[in-house]
Structures are given as C-alpha cells and as structure tokens.
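Notes follow the structure.
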Amino acid sequence: MNPELATKLQNIDRRIIYAVLFITLAIPMLKPLGLPVNITSWTKAAYETIDAIPSGKVVLFTASFGPSQAAENQPMGIAVMTHLIRKKVKVVLDPTGAEALPYMMVYANMCKAAGYKEGEDYIVLSYLAGEESVFAAIGKDIKSLYASQPKSPLWDSIKDVTDFALMLDSSGGPSNRYALAHIGGPKKVKIIALIVGNLLTVLQPYYSAGQLAGIISALSGAAEYETLAKAPGAALSGMDAQSLGHLWVIFLIVVGNIAYYSSKKTGTRGGASR
Amino acid sequence: MKFLRSDLPVWLGFIGGIIMLAAVSFTAKPLQDYSKAFLEWTVVLAAFAMALGYANVFRIHANRIRFQRGKWKLSYVAIISMVLYFLVGLVGGTKSEAYTYVFTYVFTPLSATVFSLNAFHMCTACYRAFRVRNMESALLLIAGTIVMLGSIGVGTAIWKGFAIWTGWIMNVPSSAGIRAINIGAALGAIGVGFRMILGLERGHLGGAE
Amino acid sequence: MVKGSVSFSLFLVAFVVVYFYYANHVKQGKPFNIRRIPGLDAIAEAVGRCTEMGRPVHYTFGTFTFDGNYLASFDVLSYTASLCARTGTDIIVTTALPEVTPMTEEIVRSAYASEGKLDAFKLDNIRFLSNTQQAYIQGIHGIFMREKPAANLILGSFNAESLQLAEVGNHIGAMQIAGTGRTNHIPFFVAACDYTLIGDELFASGAYIGRQPGRVGALFAQDFGKWLTIALVLVGTVMTTMGSKALSNLMKM
C-alpha cells in the first residue's frame, strides 16, 4: 500500500468517521431493514422466568435510570410490562432513582390502559433518596420503609419483600448489585436485571453463578425480549441502526489495521492520531 | 470547633459503622432494631443531603455572580432554571403535567443528546485502540469483533458461530476477569471502609491519616 | 449469629489482625515491597510535561456518588497538587458533587501550603461544574478546548462520562492517567488513556505514594484477602469436582 495512503487511513479525520456513522444510524431509522435478531441465553432465561409467574402474583419493579439510559432501558421495560400485563401479574412500581419516576408513570399508564385498578392490581411507591440504603431497607423491612404509603388491598397483601414472586431492577448503574446484596442474597428473592450494555460484563458472573434469574441488556436485549414476547416496539426498529453502526466500526478497525501493517512493512510510522 | 469538624464526625462514623457491621453477623434483637433504624435514618439523611446539595449549588453560583468569577452570567441561567423547575414540582407535584412536560421536552432531549455523543466517541476510541501491536491487543481485537458481530442479527446471519462464541466469551474469560477485578476492588473498598470506621481515614474531612 | 455470616466475620477479624500487624511492621521501619504501578509513576512525568509545555494539569473525580474511590483519589490529588506546587504548574480540579468541592479545596490548599507555595494557590482553579452528568461533561469539554491541559488525570468514580472525558482529552493531545474501582468503566479508560489504574490499584495509591503505615497495612490486608480467595477457589474447585460439599457448607455457616 502507498505509505501516504497508509498514514491517511490510520488517521482518518474524526468528522468523516462521525458523518458516516450518523448516516449509517439514520438510514435504517427512516427505512427499516428488518434484520434478524439473535436471542441470547440470558434474555431467554429472563423471559422464561417471567412467563412462569402465575397470574395474580405480585412483582416488584424498581427503576433508577434516567433520560441518558432511557433509550435502552425504556423499551425493555415496556416489553416486560406488556408481558406481565398479558399474564395478569400484579405490579408494585418503585422509582429508586430521582429521574426514574416519569418512566415509571409510563408503566403505570400501561397498567391503567389495560384495565388494571390502582391499589388492587398496581401501585406506584414514592421515590426515596439513599440508593443502596433504600435497597438495604427494602430487604430488611419494606413496609416500615414505605410507612407513609396509602393503604390499599395490594399494598396490604405485602408483608415482606419475600412476598414478591420476582424483582425486576432496571438501571444504568449499580442498583442491580445492591438488589443482589440486600434482597437476592439474604432473602432469596429472584431478580432479573434490566441494564445498559456496558453493565453486561459486570453482571454476567452473577448470572453464571445462578444469583440472577436473567439479564436483559442494552437495546439488543430489549429487541430480543420484544421478539420473544411478540411485542414489537422501539428496540426492534432501533436494532437495524445499531447493526449498521457496528458494521461501520468493524470496517474502520479492519481498515486501520491493514494500513498499520502496511506502514510497518514499509517502515513508515503513521500511528494513531492523538 | 475542631471537635465539631473533625472528632465528632469520626465518632459518629465509628458508632454507626460498628453497629451496622455487628448487625450483619449477630441476630440480637436490639442490634437488628438499631440497624433497621439507622437504615431508615440514612434514607432521611440522603434526602436532606440532596437538599443540602442543591443549596450548595445555589451558593456556588450565587458566589460566582457576586464576585463575577468565570462565566458568571451563565450562573443566572443555572439559578433561574433550578428555581423555576423546583417551583413547578413543588406547586404541581412531580406527577403533574407541567413537571412532566419540562422533563420530557427540555431535560430528556438535552440529556439524551449529550449522552448520544458516546456513540461517536466509542467509534473513534475503537478505531484507535484496536490496533494489533502485540498478542494482547490481537486477543482484544478478536474478542471485541466476535462480541460485536454476535450481538447483532447481521452477524449471526453471516455465521451462527458468532453468537455461540459471544456466549462463551461472556460466560468464561470475561466473567473470570471481571470476578477477579471485582474481588480486588471489593477488598480495596473493605480496606477504605474499615479505615473510615476506625477514624484512620480522614481525607473526606480535609486531612490525611 | 446470622446464618451465613460466620465465614465473613472470621475473615473480617483476620483482615483487622493482618492490617495492624503490617501497619506496626512499617511503623518500626522494617522494609516492605510494593510492586510498581506504572500509572502512579507516570504522574510525575505528566506534571513535568505540563511544566515544559506551560499548560495546566486537569484532575477530575467523576459524577458517581461519593464512595471509597473518591477517598482513594484524594491521596493522588494531594500528591499531584504537591508536584504542581513544586514545579509552578497550574492544576485545575473539576468536581460534580457539591459536597466534594470544599474537601477538594482543602486538599489542594494543604498541598500548596506543605510546599510553602500557599500564595500560588488559586481558588478559581477548583471548579464545581454541575451535579448533572451532561452539564459536567460539557463543562469539561469547554475547559479542554479553551485551556488545553497537557495532562488529564481522571481518577474516581464514574458514570457514562468516563468515555467522553477520555476521548476529548485524547483529542487535545493530553497525556491521560485514569483509574476507578467501577469495573464497567475500566474498558473505556484502557481503550482511550495512556495509563489506567485498574480496580484496587486505585485503592493502593495511598500506600504507594505516601508509604504511610496505616495505608500500607490496609494494602497488605487486601493482599491477604486475595491470597485467601485464591486458596479457597483452588481448594473449593478440587473438593467440588470430587463431589464434596464440605467447603461450600462451611462458607454458608
């Protein structure tokens, strides 16, 4: 390869990289391609765990994500809620992050639209600050923690966190590990983690060890769950864009390496730009 | 004054820390009751800490305006938007239409826009970092490419093996590495926590050991 | 005792004993060895680079909740600020938590005072940007574009801003040293920074830099914990493979 070309290919202008990435992400959003979705074992495990919950049981759904993570967490939350509502499972919605309440209200509105009665089939708990302390207190005595929660048939039926058939924790941070440490471990409550992509490597050991019943991770996990639950939504339409974006990144890596080796052979040093 | 700023926080930390640690190991009812009370007090304290945090933000921006430090005119924007949104939440409640409107049409687009820059930064970081300079970087490149292709439908359409190998990489070498780092980090956190409880760590009080 | 807490309690007791033993060992002036941590050694090089180029050092902690990572980072900040005071280099410290700002001011001020350069300390260089992640990121972008620090030290507890901070630092050609105990952000730093303190290397920084007895004692206690974990994993693997549940039952006591 021409040494000058090799150097140029190792130092492609960021603006070109960003422009092409923008195009690869934008085109599928305007014209969906319908690319297939591969189902991972951890998403399948999450689906099967939720599918096995009998009708009428109660699930605790905590969320601590905000607008930054909503693009990944919200579609998976909606898919899971669709599944739970279809199975007539009761839900206690608990915003454990300051920015999560509006997203929990979307789930509450889904329940209302499906004919769920507030107080009997679903409730929304109030937000309490404290992060890990809140999870620790939920594990110790949830009723005492939410003492100011208005009485209702659903809330009165819960005496302890072990009365929940399952706990779903949706977050972009460490709250899944707080839930594992204070609720999943000591109280043996089944937990499914709904997480952003970069947390998958962190939570994979817990899933492998059987401490997590399943993981739904990133937009791809949300798309997988929408496929399994037959509830197509924003995730499936976003996956086309993600697929093309990944291909562009892989192309850049290949081009960069070919140019790097070519410049090594000819003795010129392009090097990665700083 | 030194007692209030330095010694009292250390003693409070010691008493609270010892009770919570003891409650992990011993079932004595008074201990469990105290630890439950401490947890609930922590939740209340966290709420007050949030309020204190906002008061601090207000104070910092107000001082910037007062002493005309840095880009002090922008501090007016910060304070006015902070106070306005606070009043919207206070008057209408956090489930009100006005609160949801500001959250959905102002806060969310701003947050999502800045966060979306991550995609572009990740692209250039991968392009720069995934150069095969030695054995380790070759392994990094191969594993990264397999997982990227295994995570998308196009990859599994090209070759089903990508999905299988992605599962193996996530379950075996990646999990092993993360477990090791987590154990190390947890032990480090135990060390720091233990020193804080015993009052040997005073960095947060402005002093070293 | 609470079920499952016996093994933890025994470990904690052993941890405390090892801590005091080695802290005493160091107090008595006996020799000890800590392996090289390239990231920490590079701090002096980074400050030197800034001095030569006449540009400031940038230091930041991240936006995550105040935790042990911050405390570990304070030691590094104190060391870095001392070097900056000694060489007459500006250090800009940006914070995202309001409660961390006065602590930061105190640490940097003390570092300058210990070098006898209190008059060179600039309060304006300790900058609280915002407790909102996106505003904090943009604030740092602005500082990088305007003031172009030649070294970027990103040590603390991070959320998603980790990659953006590292990439922008890379874009302006800054030498970057990063470190966090939050495992999900380490890959971003490894990909984008010159040096990365991985996991407990950040927690070891206090002992590595200051060599104070208490910190060295904690470091050796952590190492004891790691050796114990390795031994348990090896023995447990062999025993479980041979069909014995004795060790796992012991751990569940």
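First chain written, first letter: the chains are A, B and C, and each begins at residue 1.
Following the convention adopted for this analysis, contacts are C-beta pairs under 8 Å (C-beta built on N, C-alpha and C of every residue); 3 or more make two chains touch, one makes a residue touch a chain.
A quick note: this is a predicted structure, and the numbers were derived from the prediction, not measured.
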Please identify each chain that touches subunit A as well as subunit C. B
Hey, which chain is the most central one here, using CA centres? B
Where the centres are mean C-alpha positions, what is the separation of subunit A from subunit C, in Å? 29
Taking each chain's centre as the mean of its CA atoms, how far is subunit B from subunit C in angstrom? 15
Among all residues of subunit A, which ones touch two or more of the remaining chains? 14, 68-69, 131, 201-202
Residues of subunit C that touch at least two other chains are 133-134, 160, 170, 182-183, 188
Which positions in subunit B are in touch with at least two other chains? 49, 111, 114-115, 122, 124, 126, 128-129, 178, 182
Note which residues of subunit C are touching subunit B in the complex, please. 1-2, 5-6, 8-9, 12, 15-16, 19, 66-68, 70-72, 74-75, 78, 97-99, 101-103, 106-107, 110, 124, 127-128, 130-134, 137-138, 160, 163-164, 166-168, 170, 181-183, 186, 188, 190-192, 198-200, 202-204, 210, 212, 214-215, 218-219, 221-222, 225-226, 229
Residue numbers on subunit B that touch subunit A, as the complex places them: 35-36, 39-40, 42-43, 45-47, 49-50, 94-95, 100, 103-104, 107-108, 111-112, 114-115, 119-120, 122-124, 126-132, 141, 145, 148-157, 163, 166-167, 170-171, 174-175, 178-179, 182
Residue numbers on subunit A that touch subunit C, as the complex places them: 14, 68-69, 131, 172-174, 186, 198-199, 201-202, 274
Residues of subunit B touching subunit C in their complex? 21, 24-27, 49, 52-53, 56-57, 60, 69-70, 78, 110-111, 113-115, 117-118, 121-122, 124-126, 128-129, 178, 181-185, 187-196, 200-201, 203-209
The subunit A residues in contact with subunit B across the complex are 12, 14, 17-18, 21, 25, 35-38, 40-41, 66-71, 98-99, 101-102, 105, 127-131, 133-134, 136-137, 140-141, 144-145, 200-202, 204-205, 208, 218, 220, 239, 242-250, 252-253, 256-257, 260-261, 272-273
